[in-house]
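Every chain is named by a letter (A, B, C, D, E and F) in the order it is written, and numbering of its residues begins at 1.
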């Protein structure tokens, strides 16, 4: 549940400081299952996702150093979370990771890429 | 998609300026159908709902006059929208109106009351 | 998945012959559970619901005798299905029955009443 | 919310004139974000989708010239809408477009292809 | 995610040991908001719900002392969880509590009653 | 609605006998539509899916011969159902088949592969 503003003309009223609830989903794909017949330990995946999201919760992204000078669109945030997740699951998972941010029941954005 | 802060201890990290996507549902209940076999004209209901929500879209509620000194919890906002809706549909609808604000797929609040 | 037309001015373009997918839900409420700790046998409830819906499936309601001269709004259909269901579950269920017809993920109508 | 009939034996009772509510989703995929950190302007995408769907709303497809002699299955309609959308977003979007038509909460069809 | 068997004829194949994922929702209703403009502190409500569900997670209900000789239908479990929740939220909440157990996207049961 | 246990350390409390409701979705993809403008006859697809799921309904997988010595994870079951489905739809469908098992509204697994 974050606040932010998107200061480009294309965003219309979203140029104002406003907010969003993001539902974040992580999808892990691999060609083979591991010795325990799973793609990834779901508890581990959830832990990592929570760690990555923690610093963003209940924040005004406009005032966070890490996003200084950035346009924090849903697409950008999906990519940002993907990078953080990829770094943390690398030891336990090789394959394809997709991060999806739902901002309402009709609008969402994803970033999809390899974890190697 | 609004920004706001909830400045009471009970709200923990939500005391900071953050944001939310609210999905707003309106439920109309009546004992009888009208001469067109409907509870309310759904296009009229949607128009009124849009009118009521318009001034709240992409806003920082903390800076809006109408919410000055108010704790803009989901419960409070459901009540606020209910009052606005009730005033506007009164001519065309007598019955029970429930306004629900979904803030995520697991959390929501409603206000329910008569329109007379 | 039915076709119908709603020939009153208030329905605008829905005065034309058009169609709808209806998702029909039945809610049974009672004050006490029966000797098997259930409100109603769910298989029985589903059977009855299927029997009631069968004659409506893939039909043009405008050409069905039973709806002659009727405005087949969602509200009307919810009431119609409620009456049919009530008659058929009466032996096995005393309580409150609500029939809901979802016509899309944002619009639906219910009829709620006692089964005695 | 359209009416139509599917006049081939394989469709069983759907050979009769019946109807459907279609929920239409458009998914835009691109390899890179544009200078505003987005895949496509969502307001533009929604406008185009509405333009494309407008002539189909509350219609009996069996009587529309454009579908004369066509079997208007969900698959066919997904392809038809994809073609119309592709033509209209071409200036602002290069990438992959998927159009999904949900006909109920358990059945849907998509068409997926490049916009170039 | 529990295992259990329902040993009465009416349950057909569910007389065998089988299992279910239950999604548990708690709905709190009150006539007035508290001094913080809320019905209940949602974090407190979630904590209590987790405490109540903890002993049931990943269990075979047939082997739990507390359910000895009981028919653990969805209705029964909704009532059981309601009683546990009511006892624990009593200090902070007066009003109406509804516990809903979803066993699939088409079947669920609730128990609703006062907390005093 | 099955019972099973997952007897490896990584599964924590799920090593105990517990259960799950699985919602099983089948997705059929092909490059071309057939002469009836469809990917597959949906009634045929549903029939085949029901046939494949029938022997698993209301079972304790730990006691079924076919799963002896197997870790019946969601991933494993998706693959198992895919193999069964592929064999049965081969005559009427060439293309890509994805089987998804939803175990709750937040966790699911798929297996995706060609049917040839």
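Here is the rule we use: contacts are C-beta pairs under 8 Å (C-beta built on N, C-alpha and C of every residue); 3 or more make two chains touch, one makes a residue touch a chain.
Remember, it's a predicted structure, so these values are computed and weren't measured experimentally.
What's the chain with its C-alpha centre farthest out from chain E?
Centroid comparison gives D as the farthest chain from chain E.
Relative to chain C, which chain's C-alpha centre is the most remote?
Max centre-to-centre separation from chain C belongs to A.
Could you work out which pair in E-F, D-F or A-B copies the interface of A-F, where over half of the contact pairs coincide by residue number?
D-F
When chain B touches chain E, do the two copies use mostly the same residue numbers, with over half shared, or different ones?
Counting which numbers both chains contribute, under half are shared, so the two copies meet through different residues.
Per the centroid of Cα atoms for each chain, what is the distance between chain C and chain D, given in Å?
29
As a quick test, compute the distance in whole Å between the mean CA positions of chain B and chain D.
The computed centroid separation for chain B versus chain D comes out at 32 Å.
I'd like to verify one number: the distance from the centre of chain A to the centre of chain C, where each centre is the average of its C-alpha atoms, in whole angstrom.
From the centre of chain A to the centre of chain C is 42 Å.
Can you pull out the residues of chain E that are in contact with at least two other chains?
Where chain E meets two or more other chains at a single residue, that happens at 105.
So what shape is it, when you link every pair of chains that touch: line, ring, star, complete or other?
other
When you check every pair of chains, which ones turn out to touch?
After working through each pair, the chains in contact turn out to be A-B, A-D, A-F, B-C, B-E, C-D, C-E, D-F, E-F.
Can you name the residues of chain A that touch chain F in the complex?
So the residues of chain A in touch with chain F come to 33, 36-39, 41-43.
What does chain D use to touch chain F in their complex?
On the chain D side, the touching residues are 8, 10-12, 70-71, 73, 75-76, 79, 107, 109.
Under the definition above, what is the set of chain A residues touching chain B in their complex?
1-4, 13-14, 16-23, 57-60, 103-105
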